[in-house]
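Once you scroll down, you'll see the structures, which are given as structure tokens.
The following pair of complexes shares a single chain, subunit A, combined with subunit B in the former and subunit C in the latter.
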Partner chain A sequence: MLSYLIRRILLVLPVAFGVSVICFLLVQIAPGDPLTAIMAIDATAEEQAAMRAAYGLDKPLPIQYAIWIGNLVQGDMGKSIATGRPVAAEVFGAVKNSLLLAVSAAVIAFPIGIFLGFLAGYFRDTWIDRAVTALSITGVSVPNYWLGIVLVIIFSVNLSWLPSMGAGPGGSQSWAWDWAHIRHLVLPAVTLAVVPIGIVSRTVRALAGDILSQDFVDALYAKGMSRADVLRHVARNAAATALSVMGLQLGYLLGGSILIETVFNWPGSGFLLSNAIFQRDLPLLQGTILILALFFVAMNLIVDVVQAAIDPRIQRT
Partner chain B sequence: MAMADSTTLPTPEKVEKSKGYWSGVGHRLVRDPLTMFCLAVVAALILSAAFAPYLGLADPYKGSMIARLKPIGAPGYPLGTDEQGRDMLARLIYGGRLTLFIGLMPVVIAFFAGSVLGITAGYVGGLTNTIIMRTIDVFFAFPSVLLAIAISGALGAGITNSLVSLTIVFIPPITRVAEAVTSGVRKLDYIDAARATGANAWTVIRVHVIGNVLSPIFVYATSLTSVCMILAAGLSFLGIGVRPPEPEWGLMLNTLRSVIYVNPWLSALPGVMIFVTSLCLNLLSDGLRSAMNVRD
Partner chain C sequence: MTKLLEMKNLNVRFKGKRTVHAINDVSLSMDQGETLALLGESGSGKSVTLKTLLGLLPPKRSQIDGSIHVNGVDIMSLRGRALQRYRGGEVSMVFQEPALALDPVYTIGHQIAESVMRHKGVDKANAMSTALDMLDRVRIPSANRRLHNYPHELSGGMRQRVMIALALACRPRLLLADEPTTALDATVQIQILLLLRELQKEFGMGVIFVTHDIGVAVEISERVAVMYAGQIIEEGTTHEIIRDARHPYTQGLLAANLHDVARGERLSAIPGAPPALEARPDSCPFAPRCPVAMPECRADLPPMLAPGDRRRVACLRAAQPIAAE
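What follows is the complex of A and B.
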């Protein structure tokens, strides 16, 4: 297990390096001068040059990358051009809100997805299977930002049951576990849960179907084991793969919630990202993407390690 | 009579020429009503978008201050009008032009680019494989939505920029599948046999590899079209795709959000188009997968 762990962690390093290069290049492909947003219109050539030097933009690209990465490992991600605040503080504040939303969506989606998928796999080729399959293909096909709008139309506009915007009463930025805040979480979390419900139920259906058709299941029944105990064996067999799919989905939820955060004005990382894009706040854009991608890489690592821990077959490959 | 028959040689049954793989695929597709229905819907959407100027629709750009936000079914406006008084039916049909183009084109380009990269990596192996596949791995560190938004956000709004960012998003997954199937085929004996006859790499790939790997890559690529459509419209929805006043489903969904309390269901219409298209593309891909006998 330890050697697997070390090998797997070593594999992360080149990927993390590649991620940092891509994030660094993002700013380079952006058209225009990154400083135009803050530079005075009547700045003289000397003032412009001084500003470039202050931001280190007068040096060649590899040097700029080295400086950037050097600051990065010390936790300094630069300052937001729009607000002047440190990027790290802005991003971590927003990621907390995104994480709350992503985990809530996962808590809704995974049990439902597992239940539906198992039902469909167990009752293969019956109307139950067809209904679940239809539901999951609808789930993965629906543009969730549109679904969010439809839910707002039904529950906020027509019924006035739930708020349509923000993370708390009066545009509250800080989260609290009271009903006033939870009400704001319901619609975005449900909207975000729909795609993973589709994907998880699809995966579990295929897994359960495959495992149930294996010989060992017949053998267990033949020796007189009760149905509940047989299903326990099936669940144990499916657990590793199901967990890895769900781990990846949690990563997607965090990185993919930007559209939903925009629909619901949820003050998370996606919201921060779209502000950064429209204010051409490139350091903030870069920092947000970097943190979200590194989180996704870490999520993949955790999934692989957990999978190896519960499934001895994986460590040998 | 029986005696006479036994003396004559039995006339051989007429041997039908064995049908090719593709005729079998076509046969199975035609017999699959759901897939055919989805094919018809997608074809209708593409054709109506392509021939929109000849359908006698209202001008999708021409607004009217007095005809703003007509409800669905208003006389003269079968699907109502938007926040600037432009005819919704016309804008939805015209909107298909950009949405379908930006939603499908990246997968087409990525299919070719990813196949070339993946087949090269899978067939040549060694260092070439390592370089291509490790580079691809880096892109898998980004959830696809995030990568598309990051690149589009950095490049800025615009049709070309959307096409570029979505193509970059879809090349890595297609390359990975192409590499996997090619490596599988590469190990088979008939490839060794072909190489033993002295065929060079290009000939082996062209004659023996492509035919065996293209179907799974193609089917996989079709399964990405729905995601690409949703993402393409999503970029415009965020304001980093198509610019106003072009009719485009994601952009329309965005601008109509401002009137959600005035005419709620009208503002949901462009999303219906995205949803229907993406659902049909997914079902079509599933149908193709089973008709072409491609396994995951």
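What follows is the complex of A and C.
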């Protein structure tokens, strides 16, 4: 197991390198000059050149990449062009908020998805199965930003139960587990949870249905196991695949919540990313994409390792 | 002494998009410690009979009539705890495909111990030592190490040995073996057959051995019941069936065997296929394939004749002597 772990972690290095190259190049390919946004319109050619030199933008691309990556490993991700603040601080603050939102959505979505999926798989081809299927397909198909707006209209505008935007009285920088903050989390987290509920319940339904139709389920009943025992066996069989789907979903929740964060003005990475795009804030854009991508890589690593740990059929040596 | 098994007029019908009359009026009885081979083609109702015996048929889609008593207990009325005690305790089953019948994510030791814990009420450590003892008894080499293996780490023959150990761990009075050698290599098949025969003597339990291979049936059992289209069409001791088969279908099965066939000669086979059973047979189901069918055979169900003690045959022709081929 340990050698598998080490080998799997070493495999991450080339992937991380590839990710960093793509992050760097993507931003270079994008049209537009990042400096036009912050420079005076009547800046002279000399002033422009000086500014370019100050940000290192006059050097050839490989050199720029080497400088960027060199600083990166020292924890320096450069300064935001728009605000002048260190990118690292901006990104980590935002990622922390996004993670809070993503984990909350996952905490709502995964148990509900697993429960519904199991129910549908167990009662396959009954009205329960059809109801769950209809629900999960609706959940996956409804655009979640639209759902977010509808929820805001119902719960914030009409009923005035929950706030519609922001992360609470502490703003983007401080979070506390009290009602004043949590009530801001409810609507975005619920909205974000709808898609993974659908995906997880579809996955678990397919897994449970498939496993329940296997011979060993009959064999378990034949040796006198109770229904609860059998369901325990089914859960253990489904766990590896279900966990990997959920791990990837958590990755999507973190990186894919741009629209939801925009709808609810949630100060997370998606919000930061959309601002960085509109302001052509190159270092901030690179930093945010890189951190989100690396998080995804890390999620994959964790999923693989957990899967190998709980499923004996996966080669561990 | 109480009969080990007393099955009377069992009928099983599957409902769904189309109805299937899987078992039609099957009666069977077995003495303690008796070995019975249930012989028939695919779809003749052998496996359904076994599943009915363990109450494993899906209750919503199957309609079961008739009565089954095992050691005097009416098993159709068993529910909940009592049913769980009966399954695996009184009667247990060896499945056709050991690779599919074992849970892939639990060790084999755990899977045997789980059953022992349930039926004997012992703790995990005791159950594991029973599991170890059982692996020894089914002649698995270095059983101590194998106990912690997962099913996929064993060969097919080893897996079937594990399945047998699992089925016998709680000392059942009746063992159901559903084509336990079909999925195995020929050499391994013989080993498993011999093992089952030895264990049957050692433990003294009754065995119902389902097979489509008449050679296997002869090898393992004292009695043979031949099934066709969800009915038992002939029953007798193994000796009687081989020497004096009365039903044309049984004769056909015997003739289709490889023994005594000259090289290059065409193997004899029974032409046609078994009926689809969408309706309950109201005439002899074998008549369309039968070489000696008479008009009367297509008119009504043949009577069940009893040419001897515990000897049965459902054929009009069996009443009159049949010309040897």
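We adopt the following convention: the second predicted complex is superposed on the first by the 310 of 317 C-alpha atoms of A that agree within 3 Å, B and C clash if a C-alpha of one lies under 4 Å from a C-alpha of the other, contacts with A are read in each partner's own complex, and residues count from 1 in each chain.
Please note the rule applied: contacts are C-beta pairs under 8 Å (C-beta built on N, C-alpha and C of every residue); 3 or more make two chains touch, one makes a residue touch a chain.
Every value quoted in this text rests on a predicted model; they were computed, and no experiment measured them.
A.B. asks: Based on the shared subunit A superposition, would you classify subunit B and subunit C as clashing or fitting together?
C.D. replies: Superposition result for subunit B and subunit C: fit.
A.B. asks: Determine, under the contact definition given at the top, whether A:223 touches first (subunit B), second (subunit C), both, or neither.
C.D. replies: So A:223 only meets subunit C here.
A.B. asks: If you stack the two complexes on chain A, which partner ends up touching A:265: first (subunit B), second (subunit C), both, or neither?
C.D. replies: A:265 sits against neither subunit B nor subunit C.
A.B. asks: Return first, second, both or neither, reflecting whether A:313 touches subunit B, subunit C, both chains, or no partner chain.
C.D. replies: After superposing on A, A:313 lies in contact with subunit C but is clear of subunit B.
A.B. asks: What angle, rounded to a multiple of 10°, is defined by the Cα centres of subunit B, subunit A and subunit C, with the middle one as vertex?
C.D. replies: Taking subunit A as the apex, subunit B and subunit C sit 70 degrees apart.
A.B. asks: Check the contacts made with subunit A and report whether subunit B or subunit C touches more of its residues.
C.D. replies: So, of the two partners, B touches more residues of subunit A.
A.B. asks: If you've got the overlay open, could you tell me the nearest Cα approach between subunit B and subunit C in whole angstrom?
C.D. replies: 14
A.B. asks: Where on subunit A is subunit C touching in the complex?
C.D. replies: 214-216, 218-226, 229, 233, 236-237, 240, 310-313
A.B. asks: Would you tell me which residues of subunit B are touching subunit A in their complex?
C.D. replies: Per the touch definition, subunit B meets subunit A at residues 134-135, 137-139, 141-146, 149-151, 153-156, 226, 230, 233-234, 237-240, 253, 257, 260-261, 264-265, 267-268, 270-272, 274-275, 278-279, 281-283, 286.
A.B. asks: Which residues of subunit A touch subunit B once you look at their complex with the stated criterion?
C.D. replies: 14-16, 18-19, 21-23, 26-27, 29-31, 137-138, 140-143, 145-147, 149-150, 152-153, 157-158, 251-252, 254-256, 258-259, 262-263, 273-274, 276-278, 282, 285, 289, 292-293, 296-297, 300
A.B. asks: Give every residue of subunit C touching subunit A within the complex, in rising order.
C.D. replies: Residues 51, 54, 56, 84-89, 92-93, 95, 97, 100-107, 114-115, 118-119, 150, 152, 166-167, 170 of subunit C touch subunit A in their complex.
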